[in-house]
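Same chain, two partners: chain A is paired with chain B first, then with chain C.
What follows is the complex of A and B.
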């Protein structure tokens, strides 16, 4: 094995080059972490899905509402323990720039069915009592500096108020969730207020999604088949699926975006690999005469090979480590920047591991060609080299 | 006038050739960077072409006040009809006012890549085709017969989504519709499924259409503010007082907001467009930085290897400035060759069809990568900048050498 001192001295021979190589490697590893995290963020919903929860929506897609009468029918199916309903409100605060999701929900059942949405019980109670009350996510509250008691005016783009004025919701609670699939930037408000207001304008309210909690001993396949069977001759056909399946369908709507992110990551890898090989070849060429000296001093071919491998590995590992550090420490600002498209951006341990392996492999690939060349050099030829 | 003796260009060309492997690897590195950036730019170009081509200035789009897209908007049939009859700015053709109601819905279909996606569904009236004469071209089969359960599909869907070929059946809610034609449209319609307005409304259980479109009389000024500004500003601009837009917003019977089609389409992708511009900028800066580092490395080592030669050049009487320019030129050349290689790598993506969800409308958008001349030009300029930044410092170092010191190095 070559001594660490020799490796270090060789790298310091051109400190600027070593620095630039480490910096470009760090950039590449950071980009790979960031791109892969965008992909895993999209997939996070599936991994965190609750196996006992099912979702029911119109088989024509989320654009279509289901009648209110379906809830009672779903509850009659054996194996269904509890149900709750969601309707996408589709409003915006001041301008679309400040997009966040809002749902009309049933406070009696929703919080019970989604224990990952943590709210103090007295705040749920307050939502039951307050006609135009709402409970908002922690990050949403932080972003707009909303506190309990504040009023949030929302323009109902999808569900306008009969007078076309803004809806007004009073904050009665703030929830938080620790799972990435349930974001912290949604507004939930009571169903009754929603239904009464729409009815006053002559519009019948509908339901976007019914969620089902199956009994612990229920056969999920069976429940899905039975629920779907209930509505096979109804005015709106439905699709029933496990939460994981529902999330998976939702993900596929991202279309080719994850693939493109993967391509970009691949391109980054190629560019950086080429750059690393280049640097190592350059430094090997400059050290040709040194190789001659080392070999005439009695260094074996193997230890010369090791010396060059160690230089490449050292650069790549340091660069990789810096890249990982940068990726890890920039999670918050990046998450804030892209929360609309990829809510819950957070780097998984697997991504970190992958990036570490990538820097290791880069080191091997970048070092192997110069190291083999150095190993093959004959002492006399090497000594004769001029630069 | 003092004459500055320039270092012959062939010197640089031959130097690049002598160091073949370093030149090749640098070119490849810059090329990959340029290819990625131009790929993202081509994606953005595909989006914007799709949404701005076909957007007409003489066509008005009427939406419900407060709505931000077609899916949000809804009129009852009566209100839609009343709007068409009462707005005097609408052009009248041989078969009545040149205006039509449209339903904008979505159907969950299976893309060939797997999963499900919301494909946009547009219910149209016979008048729609009269308004859009020359815009919609049936390229296979025939148009649907009004009042029947027939469909025509946009050409960008045919090879990407299941059941979109001639003769296939697509079930909307509970009614099967037959695909009888394929139509072509360079804009967003090319990624949609079209059929009869009333059949769509009744099978999907909708009470009214989503929007009204109308051809305007020549010279009509709508007076509506730029919708992109309305959507993204905390203090949205108001329509011009007294204009059609202002009048309709205050209308007591059928309040509506109105845009030209061009304005409307531009507003529908602002978010995705901003996002892609942001992504390409971020990638260009971050990856560009890495590429500049690589180029600097290459040039520094090129200069280190040629210290002796630089000493000779200086001893021959070449001034530092020509030597600086000579090495800068070499770096620019590396950059530009890298840029051209990057363009070559990006070109195969031209025309590649892809789809993703537009978050503003929640529907699948089918689009194609478009590697246009402006994308290529941007890529080449980008590679020149990379070469310039990567070459400046090494060239400066070369120019500052002292001939005696440089020549002593063997």
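What follows is the complex of A and C.
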């Protein structure tokens, strides 16, 4: 290659064009990072699933409740070490705009079965002792500026109180999880308070999901079959699945969003590739006479090829680097913006690496056609471009 | 007697344009002595530039042999021919053909990147040669900021900076006014008389050709009249 100075100066021959190309590349790489992160965020639930945990829900759907009596039957199945229960509360704070997940849970078992939900033992103890206590996620606490001791009033849209007043929960603990699939914006409150309050109104609660922890040596397939077998003749039949499978089924609620996002990403890549090739071809046309001069001076076909490849690579790598920087620096605001749809939005090192490779490949693909043309160009033909 | 630096034998080149074959050089034989100053004249299409390109190794003949500075150009591969060009030949074009994004100094330094000279040595060489062509005060200007005559002088500096034996100039004064053309021809004459460079200059201009010691006429791809002009440089 003749010199890096020549690469740089040729790129600045049309500064606006170079700037716009770099900007489009940066946007494309940023979008690749963002879109892929949305897909990986959706998939994180499956990837982070605990292989020893199983979920049991009604075979007619997640929103059909299971009887409380099922828990004891499940616990009798060989290979079941522990169970816990969840019920979706579905309330809202002040208005439906302020949506976040709330679950009635059993504090005696839930935190033991989900060690990724990190909460100090004394706060779990406080939840056991405090009838209307709740433990909330760190992000949720930050969002509403809630602290331990605060009271959170919730309108029970799915489970109204018998007196139709708001439920009131006292914050006794704040949890956090480093596992992206475990949402840091959930409110957990004690089962006893939930059950007693609803029973007082004559509507005893059911269970949305039973979670099972299998013994370390259990044959998971066998446990699933045995649990399902327990209820095959019951009024309310159940589906038992591994946590990964449960997450996979949950993902189907997103429909074809991952595929759709993938298509958008692919479209963005193709569009930017075409734009880059066009930029480099225009650039090559402008430098045709220079190619002739360089060859007449004794620069080889290979070094002329290198000159154009270097220009394309430099353009794409600069655009890619800016895109990566923007993607990295905007993670927090984007995560806050889309936390409802994509909780735990965080760009993985693999995504950064993929985007860097994409930039590199774009550079190669954008440069190869003009570089090959320049290499093949006969010196006398190139010189004729200005003669 | 001086040795021949260029030996052309049976040189033939045919182009196909619009489906029609056009013989530009037709079995041409020509010898050029080392240290000579040759003007190549002839009507348009007579094969002047094609011959210049063959002698400079920019194009290959369909038939015939070109031996320059003892090297049979037909026997060299593309890369070897490029390396040979960088050592042996300096080109001066009608349209100057400086790289527009580089300064005069950077343009002159460019061929030196193919040598083993250090960055500092390259810079010193380029500055020295630009001084020889009278452009010391314009060396940091880009081609667009130079006059035509200055551009052509910078191009001549680029052609000689690697100290080649042979300077090939294709209509070097074609785009210049009379004064600038005179300066460029003076410079070429100086390169020939003082630095003993062999010069082959294609020109339409009889006044420019007068500066050469030998005028070679081409007609329809064949060698025509050859005029030896004793003391031509002094008369100019």
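Criterion: the second predicted complex is superposed on the first by the 383 of 387 C-alpha atoms of A that agree within 3 Å, B and C clash if a C-alpha of one lies under 4 Å from a C-alpha of the other, contacts with A are read in each partner's own complex, and residues count from 1 in each chain.
Following the convention adopted for this analysis, contacts are C-beta pairs under 8 Å (C-beta built on N, C-alpha and C of every residue); 3 or more make two chains touch, one makes a residue touch a chain.
In this text the structure is predicted, and so the values were computed from the model without any measurement.
Enquirer: Identify the partner contact of A:5: answer first if only chain B is touched, second if only chain C is, both if each is, neither if none is.
Expert: Only chain C; A:5 stays clear of chain B.
Enquirer: Is A:301 contacted by the first partner chain B, the second partner chain C, both or neither?
Expert: The second partner, chain C, only.
Enquirer: For the overlaid complexes, name the partner, chain B or chain C, with more touching residues on chain A.
Expert: B
Enquirer: According to the stated criteria, A:94 is in contact with first (chain B), second (chain C), both, or neither; which is it?
Expert: A:94 sits against chain B, while chain C stays out of touch.
Enquirer: Where does A:380 make contact in the superposed view: on chain B (first), on chain C (second), on both, or on neither?
Expert: In the superposition, A:380 touches chain C alone.
Enquirer: May I ask you to decide whether A:31 touches chain B, chain C, both, or neither, giving the answer as first, second, both or neither?
Expert: Once the two structures are laid over each other on A, A:31 reaches chain B alone.
Enquirer: Between chain B (first) and chain C (second), which, if any, makes contact with A:292: first, second, both or neither?
Expert: A:292 sits against chain C, while chain B stays out of touch.
Enquirer: After overlaying the two complexes on chain A, where does the chain B footprint on chain A coincide with the chain C footprint?
Expert: 386-387
Enquirer: Please give the residue numbers of chain A that touch chain B in the complex, ascending.
Expert: 14, 16-17, 20-21, 23-24, 27-28, 30-31, 58-64, 90, 92, 94-97, 99, 155-158, 160, 164, 235-237, 239, 248-249, 251-257, 260, 263-264, 267-268, 270-272, 274-275, 277-279, 281-283, 285-286, 340-341, 386-387
Enquirer: Sort out for me which residues of chain B touch chain A in the complex.
Expert: Per the touch definition, chain B meets chain A at residues 21-22, 25-26, 28-29, 32-33, 35-36, 39-40, 43, 64-69, 71-72, 105-108, 111, 113-118, 172-174, 204-205, 230-234, 236, 255, 271, 275, 283, 286-287, 289-291, 293-294, 296-298, 300-301, 304-305, 354-357, 359-360, 362, 364, 410.
Enquirer: What does chain C use to touch chain A in their complex?
Expert: Answer in residue numbers: 53, 56, 58-59, 78-79, 82-87, 91, 93-95, 97-102, 106, 110-111, 113-114, 158.
Enquirer: Using the touch definition up top, name the residues of chain A that touch chain C in the complex.
Expert: Where chain A meets chain C, its residues are 2-3, 5-6, 9-10, 12-13, 289-290, 292-302, 378-380, 383, 386-387.
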